[in-house]
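Chains: A, B, C and D, in written order; residue numbering restarts at 1 for each.
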Amino acid sequence: MPGMPPSTSPTRFAYLGPEGTFAEAALSSAVATSEGTRTPRPSVPATLAAVRSGDVDAGLVPMENSVEGSVPTTMDGLADGDPLIITREVFLPVAFTLAVRPGTTLADVRSLASHPHALAQTGRWLEANLPGVAPLPASSTAGAAAAVAAGEFDAAVCAAIAAQRYGLDALADDIADHAGAVTRFVLVTQPGPLPEPTGNDKTSLVAVVTDRTGALLDVLREFAVRGISLTRIESRPLRDRLWVYSFFLDCEGHIADRRVGEALAALHRVCEDVRFLGSYPRDDGRENRAVEPDSADDAFAEAAEWLTRVRAGRV
Amino acid sequence: MPGMPPSTSPTRFAYLGPEGTFAEAALSSAVATSEGTRTPRPSVPATLAAVRSGDVDAGLVPMENSVEGSVPTTMDGLADGDPLIITREVFLPVAFTLAVRPGTTLADVRSLASHPHALAQTGRWLEANLPGVAPLPASSTAGAAAAVAAGEFDAAVCAAIAAQRYGLDALADDIADHAGAVTRFVLVTQPGPLPEPTGNDKTSLVAVVTDRTGALLDVLREFAVRGISLTRIESRPLRDRLWVYSFFLDCEGHIADRRVGEALAALHRVCEDVRFLGSYPRDDGRENRAVEPDSADDAFAEAAEWLTRVRAGRV
Amino acid sequence: MPGMPPSTSPTRFAYLGPEGTFAEAALSSAVATSEGTRTPRPSVPATLAAVRSGDVDAGLVPMENSVEGSVPTTMDGLADGDPLIITREVFLPVAFTLAVRPGTTLADVRSLASHPHALAQTGRWLEANLPGVAPLPASSTAGAAAAVAAGEFDAAVCAAIAAQRYGLDALADDIADHAGAVTRFVLVTQPGPLPEPTGNDKTSLVAVVTDRTGALLDVLREFAVRGISLTRIESRPLRDRLWVYSFFLDCEGHIADRRVGEALAALHRVCEDVRFLGSYPRDDGRENRAVEPDSADDAFAEAAEWLTRVRAGRV
Amino acid sequence: MPGMPPSTSPTRFAYLGPEGTFAEAALSSAVATSEGTRTPRPSVPATLAAVRSGDVDAGLVPMENSVEGSVPTTMDGLADGDPLIITREVFLPVAFTLAVRPGTTLADVRSLASHPHALAQTGRWLEANLPGVAPLPASSTAGAAAAVAAGEFDAAVCAAIAAQRYGLDALADDIADHAGAVTRFVLVTQPGPLPEPTGNDKTSLVAVVTDRTGALLDVLREFAVRGISLTRIESRPLRDRLWVYSFFLDCEGHIADRRVGEALAALHRVCEDVRFLGSYPRDDGRENRAVEPDSADDAFAEAAEWLTRVRAGRV
């Protein structure tokens, strides 16, 4: 697996729990399909801490959601503390299931629970199909499923995997009000050998810049002059340092690519701080923009050779 | 009040409810301190809908939180649908209170509830001071307070205003694990006369650009060439249009300022779409960067006169 | 004629003389083909002075030559002193003729004279065809022709018009070593109504900037953000002001075009000084780059209307 | 001497002749003060050809003049043909002398000759001091001095060195109408070891770019992002390739400097063609701008090390 140190022992994974979350679904479906141990952690910080302490080899946490936006605890958890590296990204469609104990029909449902975000995203379906039932909040969608299994509520809005895990039946699938919602998870490890470039990679980083007119422009310029597309940008003020901002940036390409490496080295020079968060295969079903010939590795290599020649006086 | 049409009748406000939320605290402390009706709405979309329908004159909703990040439903709610205008921003420190029924002591607390976000932000305090108590989720901090008043739980993590409103006592104040958290609320109205420039204003907008290398750079350049500082930037992919991104931007200055007006007009030309979200007094306790002489209104006015003269052949 | 105030009296022209220069050829062929008085002046400064004093209505002087480069006395003469306006540009192929008194054959030629520049540009031809003849310098190609007519030399390298004017025969035409040389002349007048936009215009200006890293970049950016192509740029240090540079710029478009007007107004704000040198029909046989839709006048007009609406609260 | 291959034999120089030109003055005063052979060549191309053929080791030619501007034959001569390298620049004040045969007084002067440029630059002095004398053109200032020595004219406007060389007396010195004129000469050699960096160097190059909106901006951006100041820029259309322009650029710094090397390598990637013309000590009496810490060699070296570490997974 890319980014994992070669090992004969089974790999140990942590994920944002409890069991039955979308994080577990993403881990099972895309990363550790058949082997490895998987242990839930109660929060993003706890998941990252398990990786940092070496209790696990890798952790899967949500990075952003197409409906809810970025996950600040993940962003902050990667930006601060000991360095971690993203070695995979996993995009998982957010498909909500209405889970009940076997034998329960829609007409039987008198109580319903889920995480508030899930309730918000299925509000119209619930109002239309369970008009008399007041939804109750739960700490997580999986927790709601467990509570249904325990008989506390009649139904839960949760992931299909939660229904399976807690022995529930799915009364309805895909009950989100807006189809197409997707969550982006990232698999993080302690620093180590980077995933090999695949030709369709992304690179994530945090750039900290002093707040002045045009500071961000200067950062973006380092990408633009080298023909690198950004796929995501988000500013976050640093609470503890007045007038200093951090920018979370995702760009196309791998740090092993010369254009990306040179751009990051430039940021390292001109920014207050740059934290590399990883280069990993793109997984959103899109292809990176075609690299312009003058930004390709060949062009960089040829230019470096030319420079060496010229500096030696062989113009 | 800036941005409100002059009126003799009391102004009608909606806010993200229920009663006792931080939104109500922000509304009461900063916007409608003594007059006007205030009605809670169950969600951000419902609050915005009340403004759009004319049921209320203005609505107060959270825009971003220094711990939790942006509030996607507010961003999406302003970017889509009929236009609304931000006429105020209000920054409110997020101070959590442990609220109980009068007479309850810390030792008496056997059950505790709050919104998961609030529980997450007070986790360490709760573990240290209520080690044996498993926190339970609630739909909102105010809802938890109401449930305590109703005897469902012994304690709630909520805003001070919720304790007051539901007749609870504050066993402890400022119990957040990280001091200094702050939420930025915005007051939105239907389009109408803009707040007058104060000399320390911010302008918000959404720019939609086709995804190509350097597209964002081109957007930022329009601000940079006119000496305008950005205070916030966040990209969001448009789910329904492949390869098209929207950027939420806050910049210093008022659209009535010539540099800001010209920059926005330029964006209107070069972007797929630009939605103006309002110009309003800055309220984060900071002063805008000093405007460079060559970006000041005087300089723009003088340049415009010069251009008129030159075009008329009087060089 | 564009740029000339309407008048019933014949127009009075000055040109860089003496009679028979390429400047006279350009004037006769392109500007004042049939009417108007034409008087030679001994130098570029003298020609410009005649315009400034009102002795003539317009003056034709060389601006640049594809072989010899820019003509500094013209550049400096336009940049300094009372403002003048370029109302026309004329590109004239530099075709050298070997002129002799009627009856003279190539074999008869024992002495030859011309301006050093003309001798330099016909050196190989002269060496090949008049191998034994040492070329002698003259103050101008036309002066050399006059001297041949007066019997001082046997042959002159000059313009065809000089041969005509001084009653000489052309022993050979097009004797330049490199074909295709061309001189760009400009017709200057006192400030007054500008030539009407034709859709294929150029605009000339001098921008004076304080010398700092990126100063020129900032100037060029004002053109780039508005989709304006430059056709010529040349830096000249200001001798009397340390660290201050002037840039002579030609761009596509007319100052009446909104994108050009706004760019020049921006330069007026951010530069030490900007001198407008004129907007006039392009005459080099090329078409301006197609204007991008988002830089066209329509787009500017639409954006200005949008801005007016938004500022009035009608978003 | 910087840029000269070490040699025991005397170095052989060519210069733009004839003897007694300002080029010889520059060569004698600054480059080859005591040793080496110096031979005049009749033109810039002939001087460059002597270097290319190996007839001489180095050639001194004028590059630009503060009054007359650039010297196109030098620019074209360096841009085309086999590569040559500038190893020195020499700035020489242009001081004109009125040279006569010994014994001649101002009142005796009945005829006067010089190169037209020199006559133009001393026109007012001549008119004031020799009102009745019509100046005659000569091929060069030195040639005029030789002609005075030969008795052809009474006086010449020339360099002091020409008076000396031809046994003439200086009736008046510094007779230029505008004080402070200066000519910049460059010493060129065949490619070989570059002059060592001195900390106050300049680098010259020719960049050929396809003519499109923003093409020059892209070129300048490569300097700006690396904190490099330009000291000169001049565009020249390529006659033989439609829509292709060449830019002659001088920047601060030496190609051995990492920021300059990386910028030139970037140009090599993005331009149609880049020709390196040399890195050499600055000689105009000015100091280069102080290099910003984030553009210094240390910063580049540190960033390169960081990149190596990160690529190896040691973040």
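In this section, a residue touches a chain if its C-beta (ideal position, glycine included) is under 8 Å from a C-beta of that chain, and two chains touch if they have at least 3 such contacts.
According to UniProt, the chain labels map to these proteins: A, B, C, D = Prephenate dehydratase.
Quick caveat, the model's predicted, so the values are computed rather than measured.
Chain centres here are means of the Cα atoms, and by that rule the chain farthest away from chain A is C. The distance from the centre of chain A to the centre of chain D, with each centre set as the mean of the Cα atoms, comes to 58 Å. Chain A and chain B, compared by their mean Cα positions, are separated by 26 Å. The multi-chain contact residues of chain C, meaning those touching 2 or more other chains, are 221.
Taken as a graph of touching chains, this assembly is arranged as a ring, one closed cycle with exactly two partners per chain. Two chains count as a pair here when they touch; such pairs are A-B, A-D, B-C, C-D. Put simply, chain C touches chain D in their complex at residues 43, 66-73, 75, 115-116, 120, 136-139, 180, 211-214, 216-217, 220-221, 223-224, 227-230, 232-237, 239, 247, 289.
Note for the complex: chain D touches chain A at residues 83, 85, 191-194, 218, 221-222, 225-226, 255-256, 261-262, 264-266, 268-270, 275-276, 294-295, 299-300, 302-304, 306-307, 310-315.
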